[in-house]
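As structure tokens, the structure follows; a few thoughts come after it.
Which chain is which? They are A, B, C and D, in the order written, and residues in each are numbered from 1.
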Amino acid sequence: MKLHEYQSKRIFAEYGIPIPRGDVAATPVEAREIAKELGGPVVIKSQVLVGGRGKAGGVKLAKTPDEAEQVAKKILGMDIKGLTVEKVLVDQAADIRDEIYLGVVIDRARQKPVIIASAEGGVEIEEVARVNPEAIIRLPVDIRMGLMDFQARDLAFGLGLKRDHVNQFVRIVKGLYQAFINTDASLAEINPLVVTGEDSLLAVDGKIVLDDNALYRHPDLAELRDKQEETPAEREARAAGLSYVKLDGEIGCMVNGAGLAMATMDIVKHYGGEPANFLDIGGGAKADKVAAALRIILSDPKVKAVLFNIFGGITRCDEVAKGILAALEEVNTNVPMVARLVGTNEEEGRQILAAASFPSASTLGEAAEKVVALAKGA
Amino acid sequence: MKLHEYQSKRIFAEYGIPIPRGDVAATPVEAREIAKELGGPVVIKSQVLVGGRGKAGGVKLAKTPDEAEQVAKKILGMDIKGLTVEKVLVDQAADIRDEIYLGVVIDRARQKPVIIASAEGGVEIEEVARVNPEAIIRLPVDIRMGLMDFQARDLAFGLGLKRDHVNQFVRIVKGLYQAFINTDASLAEINPLVVTGEDSLLAVDGKIVLDDNALYRHPDLAELRDKQEETPAEREARAAGLSYVKLDGEIGCMVNGAGLAMATMDIVKHYGGEPANFLDIGGGAKADKVAAALRIILSDPKVKAVLFNIFGGITRCDEVAKGILAALEEVNTNVPMVARLVGTNEEEGRQILAAASFPSASTLGEAAEKVVALAKGA
Amino acid sequence: MSILVGKDTRLLVQGITGREGAFHTQQMLDYGTNIVAGVTPGKGGEWVHGVPVFDTVKEAVNATEANTSIIYVPARFAADAIMEAADAGIKLVVCITEGIPVLDMVRVQSFLREKDVRLIGPNCPGLITPGEAKVGIMPGHIHRPGSVGLVSRSGTLTYEVVQALTNAGIGQSTAVGIGGDPIIGSNFIDILRLFESDPLTDQVVLIGEIGGTDEQKAARFIAEKMSKPVTAFIAGRTAPPGKRMGHAGAIIEGGEGTAQEKIKAFEEVGVRVARLPEEVADIVKERL
Amino acid sequence: MSILVGKDTRLLVQGITGREGAFHTQQMLDYGTNIVAGVTPGKGGEWVHGVPVFDTVKEAVNATEANTSIIYVPARFAADAIMEAADAGIKLVVCITEGIPVLDMVRVQSFLREKDVRLIGPNCPGLITPGEAKVGIMPGHIHRPGSVGLVSRSGTLTYEVVQALTNAGIGQSTAVGIGGDPIIGSNFIDILRLFESDPLTDQVVLIGEIGGTDEQKAARFIAEKMSKPVTAFIAGRTAPPGKRMGHAGAIIEGGEGTAQEKIKAFEEVGVRVARLPEEVADIVKERL
């Protein structure tokens, strides 16, 4: 789950990281009031959960409260990569002298959190990695020891910071690491961390991505989710514990397991069809989950046929079969369907479907061929 | 630094450990009010920083508020092992079914915190260790991982707790461990942890001893120090960063280093004297510290002679010499003294003392012989 | 016994009294797995399908000499369960549970590094040595004993490939699902190394998917260290990029983790890559 | 070189710009110790008594190949300084600082266990190989080269014994102060083992004090593993019980830690125990 810039920066502030004075506005008048309160020039920043806001015109400077109101008026309601800007952050403009990148992620290979830092901040770190990889410092952290002071100092001196900034930087990187750990983040990033003309450090932009699996430990953070920026189908899928990604094809797919779901899409395409979605019902799904998944698939008007591909392990075929039938009772649909259920409780599942005269197939190839034919025939 | 029972239990409560309802009283009337508020029988417990309160009559039951007042009247002001009872804790009496011992200390050999538990609580753990050592369970904890849930469960089942108590116990032992770590304790102990007739667990008595070296991290805890229970000399010594223990002899000793201080006492005794104190001025002591130490030694009227034994390493003999002379300027005394200064800046130190005609010796044996003679001659 | 599990396996089921734990205990028993104990804290003394239940793994190991554990406990307790098993001296821990927080697994791995234990998973189907022991949730009946080792990040996709092999008359030595989470106990290389030195395995099938760079590393390992032929299958050629893959994550990994990248990495070192599960069987058959 | 320090020592001073650090740097230089670098964060580029100062230990090690470090930083930063030295590849760390919180040292020791490093101290006087290198705060001039190894929990008391030896014409191979804190990097046994296998050491003096059971353990080690004669001295026969020794602490340790207990433990295994520093010299002399 992604947090907005303003949400991320507020969390940073709780961990002692200096952020610009500022507040969030949902209307141009609010933006004006905030600018007036702050005094001096401000930056108006669209709060949307995609990258590239700046290039899209979603970040602008304003010198006066009047100008802030005008700029906010332009940005609020703007469409950025399909997302509507509902809120802007009005921050006191910083006197930027240098820009540093500072982030924490999990290093999968080392199986440790790793601090990533670069004196070339302000641009995307991928860009730095591509153009000037030596400018990136990586510091793996033993989660049991936490980030030690000397490591933070090594980083500060490694970035070539001025002596006056070293202690400030140490506090910031320790705060960022602690925020990462305490929020169960998968990414916590300050970019840029600015050295200002007043010779202090300031987290001008920031981002936190949370681990969905750990949200149960953070009910307060879970509430920060921006409901505006999910489609109704995605929202329903998440609520039901399903992994769903909408695509552009006409064949709805319901599969258990991400690998098999992707392989099923590959095979649908191999047989000349186009998948309408990626949908993994996960392991051990029961009837109600299957029903929710079917509703979500059918909510896409482009879907012309549906393929169920279930290879039962922890998931039981009889539960899935019951779920399909239960869903069909509430969802009145003419979309043709094919089910291929094998594995755990395969016989019971097939009997349930057979009793309801539901079309089925025994191999994935056969099922894919059938569903492509049904979609084309429809 | 030792905390009182009521202070320790309040800290436990912050860590989710259930403690009896109760409050602290400094007068019999307060005790009555608390008992009234609590309703039902209460226990009146003297709050003094020594063991054996119970045997000394410092812990009594009271059935009514009236009785509470009477009992408090008896206990307040009572002398227990030289300490005057200034406060009593008035706790709701618990319906005790079983008593468990639960403590956390540092295991020096393993260099880890270790949880100590015994189903035979309510008596001193040393007593259990002597009589029935197999009744004690030791669980070393890796400080980097913290106390893990399964370890806490192992402990619970190892103590033979009923199933209904396991989850409660797990929360309590994790809370106790966390309190130990977060307060930088050297001991955190619940004894007894009671299984009540209502089938819940309750920390009826508790004790925390803090690491003095870590008190700088805990200004709030440092303030809890009970100033009534230190002698003025001990208080001054602590404030000056000196390690001082009053003894019964007549020869004051000021030494740098605990080992040398003890050896000096041994040697004074070897030559027929009795040391008046243990006093270690520590490493690198400067003039003001030496002066404070001398004031403390001379505040004991039994002192008939003073021996300075300084073997300079990190401590410099010239600093010590200056300190002695500075102290003598403010403290007008006729007590005879001998100084033996060797090691770092030995020459400078000797010159300073020689210039002031201060008696000195070159070996410890010579110094001890001299000081014993001076004490006897005085 | 090929690798990791077989007739010598003395299995402990953690979370045996739960719905999934009890169900799969029955399934594993039916397959012939030697299940010696179960653990659910607070349920010690009960029995599940004739298997004695203990309160702690230590007690279970002391009483039954279990050497392998399979974990079905819910995600929020699973990390602790893995560490409990490792601490009690279990040598092979198989964690089926999905949805364990990533930082929990980081802690687990830092704990396991000092122990003599191998972890498979989490979020994996487990592993099976056909005809000897099933330690997982895969449908046993699709397997048949043979000499092809399988290692896979995927669960159900592995069943699909196993079935294709079995349908083509090709048996398996051991099939291992290593799991698809960001932090897992054993990776492709760990298992490939075991297959390479297993006399009962003649060739290996590797089933990968988009995301990360583990397949690329496996390709390098195969080129440098393996004498046995490997056939690969990569899911996700038509899939959108994995949602888990964070921005900075990609930098660390040094790649975007697309199927195309992975297929290229394999083909460059001479590993044949199948496009369909049935094609895996075809390629393997040629090499028998 | 006898044990741990000598002509091969390339010393780094952590906290070199502080009052104590600078003072003792001069003292150690005067003694002839090869000091190659100092570290004080934020003072990199400065010089102290001709020794170059660096911001971090890593930089210092890279630039000067320092192999030993001595720490004079204040107590609240000392634990971090020890770990910084270990992390940078220093092989011998000597921590003079006193007053480090116990839990800090517990963390340090858990960190060091995975590193190839030896820690002496904290709260110790350091160590000296007379005539070669002084890595500590002891007055150098009281020592003289010879074949008697010293190991001690005490600081100044060791100087007393060393002076008694020197006055009696007995030289020292290496004198090591291991420190008196509850958690220390090296204990009596660690150092006794080094002396036992050091060809330049003929006999050993052990100086203990009340508290704990390390002397008792050392006695057992001497009985079982040492061929060289050991003379012991225990301070605190007339002292009140150590204030540090908590209640439950004593249980763990399995003893009260009185001088009498310790003297008894030594005498039972044939180690002679001196009553006065001068007596140490007398006993050692008999054995030369």
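One rule holds for everything that comes next: a contact is a pair of C-beta atoms (placed from the backbone, for glycine too) under 8 Å apart; a residue touches a chain by one contact, two chains touch by 3 or more.
What you are looking at is a predicted structure, and each value in this text was computed from that prediction instead of being measured.
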Apart from chain B, which chains still form joined groups through touching
one piece
Could you let me know which interface, A-C or A-D, is made of more C-beta pairs in contact?
A-C
Hey, how far is the Cα centre of chain A from the one of chain D, in Å?
55
If you average the Cα atoms of chain B and of chain D to get two centres, how far apart are those centres in Å?
28
Determine the centre-to-centre distance between chain A and chain B, using the mean Cα coordinates as centres, and give it in whole Å.
54
Quick check on chain A: which residues sit in contact with 2+ other chains?
142, 144-145
Can you list the residues of chain C that touch 2 or more other chains?
107, 110
Pairwise touch network: line, ring, star, complete, or other
other
Give the pairs of chains that touch; include all such pairs.
A-B, A-C, A-D, B-C, B-D
Touch list for chain B against partner chain C, complex
144-145, 148-151, 153-154, 157, 163, 166
Write out the stretch or stretches of chain D touching chain A in their complex.
41-42, 44, 55-59, 77, 80-81, 83-84, 87, 107, 110-111
Contact footprint of chain D on chain B as seen in their complex:
51, 103, 105-109, 111-114, 116, 124-126, 129, 136, 138, 142-144, 181, 184, 186-187, 189, 209, 211, 213-214, 216-217, 243, 245, 247, 255-260, 262-263, 265-267, 269-270, 275, 278, 282-284, 310-315, 342-344, 346, 364-365
Residues of chain B that touch chain A when the two form their complex
142, 144-145
Per the touch rule, the chain C residues reaching chain A in their complex are 20, 24, 27, 75-76, 96, 98-107, 109-110, 125, 136-139, 142, 152-160, 163, 180, 182-183, 207, 209-210, 212-213, 233, 235-240, 243, 246-253, 275-278
